[in-house]
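Two complexes, one shared chain (subunit A), two partners (subunit B, subunit C).
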Partner chain A sequence: MSKPGVASLHEALQKSFQGLENNQKIWTSLLAECVPLLESLGNLAEQSKALSNVQLSITPLRVFPDLEDRLRFKLQEAMDTVLVKLNEKMSSFQSVRDAITNHVSGVVQLYEQLTDSLDLNCVTERSATAPSIADMMEWLQDAGRHYQRQFMKRKLLLQTLRPDDLTLMESAPGRWKSLASQSAEDNITDAFFKVSFFMES
Partner chain B sequence: MFLGLTHDTMATSSSRKCSAITGSARKIKDNMADWHNLMLKWEKLNDTGFNIITNISNMRLMSCFSSQSSQSSSSSSSLASADTAADLQDQCSKLREIVDKMVTVAIVKKMERLMTSQRGLQDLEDFQFGPEGRKVPLFHTWSTQQFVASSDILCEAFQQEVKLKQVVLQEVAHSTNSDLCTVYLSCWLHQPFIPAHVRQTLEALLLETGHRPL
Partner chain C sequence: MKTLRQLSVDPSDLGSQRCRLGPGLMSDLGLNLGSPVLVSVPGGSCLCSAWPRSDLAEGFLQMDLKCSSPSVMLHPHSHLHLEPGQLTPVSCPKLKGVKITVVVQSVDFKKYTPSRIIHEHVKDVLKGVYVHEKHVINLEDFDTEIRFVIIESLNPDCTSTGLITSKTGVEICGIQTVRHFRSHLQDRPQVTLGGLEEVSASMREMLQLPLLYPNTLNSLGVSCPRGVLLVGPPGVGKTLLVHKVVGEVGASLVVVKGPEVVGSRPGESEEKLRAVFKRARSEAVEGPCVLFLDELDSLCPRRTGSSSPENRLVAQLLTLMDGMDQSDRFLMVGATNRPDSLDSALRRPGRFDREVIIGAPTLQQRKSILSVLCATVPVCPSVDMTELAQRTSGYVGADLSALCREAAMNAIRENSKGSGVKLVSMHHFQEALKVVRPSCLRSSLGRTELSPVSWEQIGGLDDVKLKLRQSIEWPMIYPEAFIRLGLNCPRGVLLYGPPGCAKTTLVRAAASSSHCSFLSVSGADLYSPYVGDSEKALAQLFRQARACAPCILFLDEIDSLIGSRSTGQTSNSVHTRLLSVLLNEMDGVGLKTLERRGNEKILQAEGVEENHTHEKLDCQEVSNKDVMVVAATNRPDSLDSALLRPGRLDHIIYVPPPDKQARHAILKACTHSMPLAADVNLEELAAQTGLYSGADLGNLCKEAALLALQCENMEASVIKHTYFLQSLHKMSPSLTAQQIHTYQTPLR
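Showing the complex of A and B:
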């Protein structure tokens, strides 16, 4: 039984959970900022689609021969602007994910360094106020994996968008929303509740 | 919004900093300030108009949809449709007011007047200095001819855009095709005849005349 090892692991875990909590807040607010961007992207795709469906030469707009090209150009310009903004958001997501991964791997590394001095008992031992080290490390790793997966899925969604595939673009807001994994988020929040006494100690 | 430059700041800065300049330079500088303010006004009108036109096309599509779904229905629906018709009329009059402001009262007419004044300055210069023009530029580097050409770009863009707005105004409440309605809406919103270089041209004019610091 090695007290100093446990103490330093506890300290690292506290720091990591604190970091995770802060980053979770940033992640949530980033997600909220993306919603209007995705909606306007879907909206622009809808407008482009409508423009393709209408034969302007048989409408009252036929008096403007270059209208279709001009309008299409404007729509694409607007889409570009939105995509640039989304790309910036993705970089922010990436740095949040990196921060979370660093917190998690920091704890794992420390654990590996101390692994000789830690026996099974002190890793699995829990008290009324503190969950076991093993449990806490599992929660942290689960959270890290969750954000990693979320980031990859959302990045992939944006990367598969093509200006000529308007249906895909139109469905982007819905698909973006459906990527949210409430159960994983709930698990992370649960973990915060479980470590709340431990964090205060 | 152009770099937060409002009507007031434009007016004060031009009257304060450039009290020394007179004649053609004074006139051109004031004209450019007017261009800037007219374009700001246009943007505001366009925003207001967009809300109205959205309402119109929503009403239009809703009424088409409900008439399709209850073709053989009772008098209650015809009462409701009379209500919507009044609303629709109301919104259309509002939109007409906006387009009127864009055309005659406020914007495009004034832009054309600015254009005339700009051409007049060119004629005056031709008269004063002959065909080769003045030796020293009025501001930094531009010749009077360049001011005319740039104002022309702006003026043409808005003249064309306002024509499009007039067609949209006439047709939007008569369209039953949802795609066409969407096209009308995006025409209003994205202003296809005012490309990005119109903004840049205005900025260049403001830079040259000293409204923007170099």
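Showing the complex of A and C:
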């Protein structure tokens, strides 16, 4: 039994869970901020689509010169603004994800350094107040993977939007919402409950 | 150590690359948390990171197939029992670089997404994953368009496993779609095929040329042929050929089976057909592709009437084929066994440019098919493939495979009785030959089962036997002599002579001594109340006979079957029409193109260094490609003179009534199984039975035996000479001197 190794690993785990909890809050708030942006993006796409469908020359609006081009320009400008904002949000998402991955890999690295002094019994030992090190590392990794997955999905969704495929863009808000995976979030929250005694110790 | 039971993976572990083990096993193997471990399973292996089970139980294994061999990825095993020895800890150094192929879900994604985005995404996703060379990384849990990543090679290349970090350089070699990836994995089992080298070479060329030399073809301004129609009787291996070529070239295959496309609602079939072409087009973007229309005759029948629904389907197919432009680089292959029922518009250059006719296999082809089929069967070395190929005239590839299967089954049956022989030997094949009949002759009207008769069972007639052997057996046995002297195989033989003189029996003996197919036809088979039906049946009979050449076609009582034009009956009767069909079939202008078999081989062009047996087989093949017609009649004067000229029935053999010696021989043969008393003098009997035919003599022996039973009650043990003489008194010969005289006057 090499207590010092376990102690330092426990310390790192406590820190990581703390970091994870903070970052989870940031992530949720970021997600909430993104929803209106995406909705406006979908809205703009719908407007562009309507514009393509209408023939302005047979409406009373035909007296305005170049109306269609001007409108389209306006809409595209607005889309650009939204996309720039979304891009900023994505970088914030990325920094959150990076922070979480850093926490996870930090713990894993520390474990790898201490492998020689820690045998498997010690790693899988559980007590009334603290789950085993293996379990906690597993939860951390699962959480890291979840955020990685979420981030990649959302990023790819935005990256595959094309100005010439308005249907795709119109459906973006719906698809964005469907990406959220409640069960994985619940698992992470569960993990927090499981480690609550350990955090307080 | 006890075995591990594999359980299905925990949903929360999906995509984690974890392999859940008991902690005891982990420490036995020297594994730590997250250490890479290579698990070998049937068909491949899987690279995982070890992790203790949360309940710490031993004896179970749950692994996530994030990084595994392609075959394991496609067909994951479940509920395996693994030995702990199948788990090997491996070391995974950090990699400098990795070359990968990305597999994406849809063609659209591949087309529209910039490679920069894919690269960035893949690099991000692969971070922290243990990879193995030639393994596939499963990214399906990310639920994005990027489905798999195939690891092509690693840098440094001294290791086969490694860990991808943020510093690892990722190089994308290519992007495929999932369908392409899967179809390539599934085509792996190689089909072997004998005897169709030439056809498969030409198909391979058509597939590969546009891929290998696209610029040359462009600069020449020619388009490569894009349609091939395979025509041949069922079972010659049309479908297998396509699968083989596709597998060799590594092309993807889109199969359309005729009946699958046809839907019940109007317009549904056309829609399905369009979808198939679209699929082929999208596959062709990624590599060579073959669109295979199997059973084309059901899909595209000849258009009839005005508004049948098939017409629309045919029209749709035609327009789709015309709509293929230069950029669609897929080859279209159609296969049918009824080319005459296809719409004629299909068979023109630009649609199906080439027509490849695969006939029933020739001797050489059968030999190579047999050697391919027997490659995996433990065959006794005494089995002679050449002899087997000679015995199987008229068998197509499917028949031969059934033959081999049946022979193997015979061997198994024998083995199960405890003989302990593990090899398939020649007599197993001979048993199987009795069960498996050639499918060329199936449903043929002339197919007959005949009990074998040997030449020795026929008494006398030695010169007739010799002549028959000359015309039937010699071309089979001494082909090279025939070729050397420039002899052609005779087309036909006419046997004539008084009734009861063993004409039919002679033919039976000839058929059983030469191992060629034997068809026999009588009037009952041919005549039909419908006009033209009999002629069609006769032509069909000849076609089948040619398909399984060398073949003997026996027309018994030909005078009643086919009349003469000169006898002044009403012309245009069925008889005369049948006669004209027969004359045409025996010595017509040529064969129909559809009946082509094998490759047109000319003997002179053969290389010098070829060995003797090969040459002999070739000779045999060349000199025996025709059907031999054997006719028998006892009224030769009523035959049409056109039938009797050389080139048709060119050997006219008179089967005479037996002379004294012959009668003696016949009596000997007839009494072979009878217990004769010592005083029986067969020579005296032979002298007394002038004008008796062979059948009469047989009857005489029978009568004598019956008489013996009658006089001596049922206890008679020998037949005495007196009984023969008594029965001879009661009988009179069936021939008359005048009758024999008419036969002996020359026919022509």
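Rule of thumb we're sticking to: the second predicted complex is superposed on the first by the 200 of 201 C-alpha atoms of A that agree within 3 Å, B and C clash if a C-alpha of one lies under 4 Å from a C-alpha of the other, contacts with A are read in each partner's own complex, and residues count from 1 in each chain.
The rule is short, and it goes like this: a residue touches a chain if its C-beta (ideal position, glycine included) is under 8 Å from a C-beta of that chain, and two chains touch if they have at least 3 such contacts.
Predicted model only: the values in this text are computed from it and were never measured.
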Give one of first, second, both or neither to describe whether A:57 is in contact with subunit B, with subunit C, with both, or with none. neither
Check the residue A:182 against both partner chains and state whether it touches subunit B (first), subunit C (second), both, or neither. neither
Could you say whether A:91 touches subunit B, subunit C, both of them, or neither, answering first, second, both or neither? neither
Between subunit B (first) and subunit C (second), which does A:162 come into contact with in this model arrangement: first, second, both, or neither? second
Report for A:111: first if it touches subunit B alone, second if subunit C alone, otherwise both or neither. second
Subunit B or subunit C, by number of subunit A residues touched: C
Share the list of subunit A residues that count as touching for subunit B in one structure and for subunit C in the other. none
List the residues on subunit A that touch subunit C in their complex, please. 105, 108, 111-112, 115, 119-121, 123-124, 133-135, 137-138, 141-142, 145, 148-149, 152-153, 155-156, 159-160, 162, 187
Residue positions on subunit A within touch of subunit B in the complex are 46-47, 49-51, 53-54, 56, 59-61, 63-64, 67, 70-71, 73-75, 77-78
Counting only contacts in the complex, subunit C reaches subunit A at residues 12, 15-16, 23, 26-27, 32-34, 51-52, 54, 56, 109, 112-113, 117, 121, 124-125, 128, 141-146
Listed in rising order, subunit B residues that touch subunit A in their complex are 160, 163-164, 167, 170-171, 177-180, 182-183, 185-187, 190-193, 195-196
